[in-house]
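Labels A, B, C and D are assigned to the chains in the order they are written; within every chain, residues are numbered from 1.
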Amino acid sequence: MSGMSSTPDDRRFVLTLGCPDRPGIIARITSFIADFGGSIVEAGYHSDLETGWFFTRQAIKAATVPFDLDELRERFTTVAADLGPETDWQVHDSGERRRAVLLVSKDGHCLHDLLGRAASGELPATIEAVIGNHPDLAGMTEAHGIKFHYIPFPKDPAERGPAFEQMRELVDAHDPHAVVLARFMQVLPAELCEHWAGKAINIHHSFLPSFVGARPYHQAFARGVKLIGATCHYVTAELDAGPILEQDVTRIDHADTVRDMVRQGRDIERVVLARGLRWHLEGRVLVHGRRTVVFE
Amino acid sequence: MSGMSSTPDDRRFVLTLGCPDRPGIIARITSFIADFGGSIVEAGYHSDLETGWFFTRQAIKAATVPFDLDELRERFTTVAADLGPETDWQVHDSGERRRAVLLVSKDGHCLHDLLGRAASGELPATIEAVIGNHPDLAGMTEAHGIKFHYIPFPKDPAERGPAFEQMRELVDAHDPHAVVLARFMQVLPAELCEHWAGKAINIHHSFLPSFVGARPYHQAFARGVKLIGATCHYVTAELDAGPILEQDVTRIDHADTVRDMVRQGRDIERVVLARGLRWHLEGRVLVHGRRTVVFE
Amino acid sequence: MSGMSSTPDDRRFVLTLGCPDRPGIIARITSFIADFGGSIVEAGYHSDLETGWFFTRQAIKAATVPFDLDELRERFTTVAADLGPETDWQVHDSGERRRAVLLVSKDGHCLHDLLGRAASGELPATIEAVIGNHPDLAGMTEAHGIKFHYIPFPKDPAERGPAFEQMRELVDAHDPHAVVLARFMQVLPAELCEHWAGKAINIHHSFLPSFVGARPYHQAFARGVKLIGATCHYVTAELDAGPILEQDVTRIDHADTVRDMVRQGRDIERVVLARGLRWHLEGRVLVHGRRTVVFE
Amino acid sequence: MSGMSSTPDDRRFVLTLGCPDRPGIIARITSFIADFGGSIVEAGYHSDLETGWFFTRQAIKAATVPFDLDELRERFTTVAADLGPETDWQVHDSGERRRAVLLVSKDGHCLHDLLGRAASGELPATIEAVIGNHPDLAGMTEAHGIKFHYIPFPKDPAERGPAFEQMRELVDAHDPHAVVLARFMQVLPAELCEHWAGKAINIHHSFLPSFVGARPYHQAFARGVKLIGATCHYVTAELDAGPILEQDVTRIDHADTVRDMVRQGRDIERVVLARGLRWHLEGRVLVHGRRTVVFE
């Protein structure tokens, strides 16, 4: 498993930035980095011709930066100011382990998969806690030494306010970089969507925008599609309509029942969620309106 | 190219059948075939557990059938009667070349692809004629020795009745097994959908049911999906809602403009249409409600 | 999870058969089934034109069979005799849980995945035991309540005979339907390949026949391929050359290091092994020479 | 089709460069561009950690460059010199149509596809001529107004020298950017491989390195693989071993005969060749040893 664990030499300061496009931005940023001898090990750039917006992600080898993260941020402030007041940027240290909290219900395949990835060092985050509206997955979680919180949800959606409030407090106590709805199956209230905007990530078991909402495999069966899919997206107040991080599909045919689709779909859901979540945690995803720029 | 052309030995009588499921159907049909010494070279069966319907496709080596197609049909009538009054079946001779008529507009990539497949013996049909509501593709068509009919369409949809009527007559004159909307871009009137039911085939440039209607690549761009697709379906009165024969997708990313999607989408459209059309022509597709059984 | 567990009504007697092809086989078999009122819920047929061999798999609803498995076997003997002395067939009861033993080394992603599938009822087998030539995966295994056996392997391959002998005894004690090399990373001695022929299944981390042997991702990197893959195959004495059950690939590009390939490859390995193993356990795979017929 | 044709505004000067990696390269190059007000509309960077080599491709909006291509080249010479003597770079004008010559044999599917793409403006090159060692594809070529040269090849490979010499002269007369072996099926002599190094592109009908050489679909059938593929690669003296531009695969199963594979494989061959060729023509491919960097 050692091949996966990071060595000190892998440590990077990762800059992500979006701003209105104009000539000279890349030169400005990379000259700033070159001036202190920084070595860029990974660089992504995107000029969106439709919106006139520019995006970049730069991974600088930490060992080549002669000061710490705070000073890097401080120094970069001047560059960002030059790029205009709309500039949106951040720098993070890849050596600082990120934190995720998982929300689950009864279906354990995504949870099991993420626990396995975390255990083998494949997930660039620690799973701080798992919260379920059913107790079914407590055992699986605790076997990995992770705390499971069971919050029963009232049948009547109108009475779920306190349960969501409790969930919010439990989640926020970990100050997580990602709140993962790992087949949570509950619609978050609008204020929670707003509160966790940009870090709540859902896996929906269809190729969105097809088959929004409940029982997408049943919808897919009824429509007679020849491929089924899964979509990893940021959670927003509009159901299944947030910016998409990743999608994939798998082929089915007439002989596949809904149950077969459920089984085959799980293989897609696991991988799509894991990929989207990893990209999010590594600062590879920049959101712009309803679209995402993903520097894989 | 010789590898593609059929030899006399390849000739098959192809039986397709759908009926309410019950024990003994396969035995009844295959005993009928075995009794005259017929050799089944390809057999597909499907029991649809949801609808309780049974489907089969059997390709019998023609050289092992001691009588002609008409007598085979005549004899099979008794079997079909035993399977109940709802039984829907047909037998065709793979040695009898099938006929297709193509409807086009300005975009030539699907037409060009089908012309090439026909020329190289890959399409199990002759292209009898091509009809366009623009004259642009006349040259490409005629270079293959195929008649092109140009029918100008009035701007006002309300005035297109005579144009559609002329199209209907031109098409029907060939008594085609398939009427292919090869990026025709016009919505057929309900009565034509009805008239050509089960043989009018469209290629839609999205992964249906996502992005019904006009400019699906623009819709896909706006939604920020990570895969784009194409769908080959039977034409019905409800727009882009007919039974699906085939679908496929290709991966895109944030750097792809609508123009890039159009280009990449064409590679999917060509292949999806060609596959769906071939299956239709070879009697591999059985329609049941909104779903298709495809014996590949 | 209940959607995955089988109900009594799902129980099937599954017949698989291979024999020299000739007219009338399907009629003979299906008449036999129809005669006792058996309902065929899934049927696959394949006539191999190259080898002149016929293959079939029939899943008969157990509730429609008026006698038990032994009597079904007994009665079918007469049919099989009619199909010739080379006929190879078996019948199994889907209600009878199958047994698997897993061989592992240090890499836990395939083991973890199979444990999760078994726990959620997705694997049509119980995992009887896990045997490792390293102790690393004992904890993961035992957390699922499954016995882990650690067999240290001498460095010198010439001295591994006793270790393999011990492994053989441990495995055979469970009389398993499948012996799964879940990234076991050791070449089985020829006599074990022979002894477990048709039930030892390996996952190789390349798209065979490319990159046989050690460190296939390094080989793939050096060759500059644009897709990497994984292959699930039966183990035979010739390294990585056994009949293939399943393969799949994923796209990479120039920016992917060997470490990236290892990570992305794991997602393929997991799924390819799980699919191949499930098909094997459900009696969907018939081997003929170096090729497999898979009735998905 | 107009969506595909480039407008003056689309014109770009495209810089591609490879050199030993060290800090400051991106800053050096982009500052050079920023200094004259150049707008970078597409930028790709790759630091190869294994070889310590750096690669970039920058597409600069031509309208923002205040001098012509020659002066841009002249000015950039200084920058390149700063990056070290091993630096390999070029600049081309996307507005200058590129030239391709196609080599064919009897199989017309790749030729037909490329002719269609050229006709619809999808291929960023003009097809200057087609040369065949059989006359079969003359008609298809000439229907597109393109000159076809038939060069008969002696049966005895030892006697083919003059034919290859004639081919070389015909090809070189067009000074092409790409010499495309569109299912040419002949092994080029080593001196021609050398002569056309970096511009001769082949499509091989297998997923290399599997099934090198003749009749790859027969090899694939015999091995029982579950996916077949195609590979677009630069031609080198070692057979089917040149740097790979693109690959793709399609799923097959036991029911597919070699003839089915040939048919399905063609759909992959067409697309893989078209993609690889387009990337080559647009200066998106940088070769380093046996690997390619492809800035899609």
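Here are some notes:
Throughout what follows, a contact is a pair of C-beta atoms (placed from the backbone, for glycine too) under 8 Å apart; a residue touches a chain by one contact, two chains touch by 3 or more.
If you want to know which protein each chain is, UniProt gives these names: A, B, C, D = Formyltetrahydrofolate deformylase.
In this text the structure is predicted, and so the values were computed from the model without any measurement.
Traced through touching neighbours, the fewest hops from chain B to chain D number 1. Distances between chain centres, each the mean of the C-alpha atoms, put C farthest from chain D.
Taking the mean of the C-alpha atoms as each chain's centre, chain A and chain C sit 35 Å apart.
Our note on geometry: chain A versus chain B, Cα centroid distance of 41 Å, whole angstroms. Each of the following residues of chain C touches two or more other chains: 42, 49, 255, 296. Taken together, the chain A residues at the contact with chain C in this complex read 1, 3-4, 42, 106-109, 112-113, 116, 119-120, 122, 140, 143-144, 255, 259, 262-263, 266-267, 271, 274, 296. Contact residues of chain A toward chain B in the complex are 46, 48-50, 207-211, 221-227, 229, 243-244, 246-249, 253-255, 257, 290-294, 296.
Taken in their complex, chain D has these residues touching chain A: 22-24, 26-28, 30-31, 33-35, 37-45, 47, 49, 64, 251.
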